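The next block holds one structure in the form of structure tokens; read it before the comments.
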């Protein structure tokens, strides 16, 4: 499936922190790190584990610019 | 000012397309490109121009993961 | 690719309206309609056309409840 | 009050999971399920309970398309 | 209808700019101004006009803090 | 750094509730209150404390209007 979301960066799962409902996933995109807050359900459903190759996907309307 | 948003990638403005209300800004983050959809007002207010150093900022709740 | 986004409804493209930067896509999910605002680039890249089967994907953090 | 958000699907609350800050609400929209992540405060303030009729509201800019 | 979205500020419509797909609505909340980017459809459907009393609604997950 | 996000309201931190992953921050903007849901990491990184002057920042695409 091809997505309308214009931003797709590939990285590796560096850390996973689970709460009761939400989980934080840190992704290493080659030295820099990106963070995603998703549901624990999503982490379990994708069977995310440290070292997994992962796509970081962001819809362009969600991107803020700073100069 | 320090932001709560956890994702901040530095790049260079590669292209700007303006509509009547919305504008598309393409940012080169070192070979890969990110796209942001902001208001034309924002582009004008930041005086964005090709080649400008720019921060791409995304709140972690907006980040989708794909595996 | 499996997504962390928990909401995925399948429908058919019912209408496409293109502006200069943004496009509106109306999706028929069996009588009800959902609307998506994406970039014209996304519409072109996915080669969206009336009648196409399409997935409507929404991250759960974006969903507001009303009672 | 009429909302600018273009997407409003009616369903029934199927499950509620509360953490300390966030809650997950599963909504049955007639066989399919939608998930919303809201604050525990919101769940309490709306007095959400299993079986309640509920509106699932999504702003069109938040809708990603996949083909 | 009561919403799960925790932020609701009342103001008056100060300006409306329509493009082909998107519209910008400026809201005066008592000296300060807030801006909303919605579809032209939404502006038409709500029959928005300068001076209208309007609710500015934001889901808490969308709010970034800066210090 | 100047942001593309068009909405920036200054207030004071009124309350902080931390879960394991997410935190809720209530901001007093002069009688009215705004709520933000951010990661616990963000609260710690900004060293947020009751009474701090804080900017509430919202991208215009995230703002829903109700009439």
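Every chain is named by a letter (A, B, C, D, E and F) in the order it is written, and numbering of its residues begins at 1.
Definition applied: a residue touches a chain if its C-beta (ideal position, glycine included) is under 8 Å from a C-beta of that chain, and two chains touch if they have at least 3 such contacts.
Source: prediction; values computed, not measured.
Relative orientation of subunit B with respect to subunit E corresponds to a rotation of 120°, obtained by superposing CA atoms and rounded to a multiple of 5. For B-F, the equivalent interface among the listed pairs B-E, A-C or C-D is A-C, as over half of the contact pairs agree by residue number. As a whole-number value, the distance joining the C-alpha centres of subunit D and subunit E reads 21 Å. If you average the Cα atoms of subunit A and of subunit F, the two centres end up 22 Å apart.
Listed for subunit A are residues 1-6, 19-22, 24, 35-39, 41-42, 46, 55, 57, 59-62, 64-67, each touching two or more other chains. Taken in their complex, subunit C has these residues touching subunit B: 1-5, 19-22, 39, 41, 59, 61. Contacts from subunit C toward subunit A in the complex involve residues 1-6, 36-39, 41-43, 45-46, 55, 57, 59-61. Within the complex, the subunit D residues that touch subunit A are 17-24, 35, 37, 61-62, 64-67. Across the complex, subunit E meets subunit F through its residues 5-9, 24-25, 27, 32, 34-38, 42, 46-48, 52-67.
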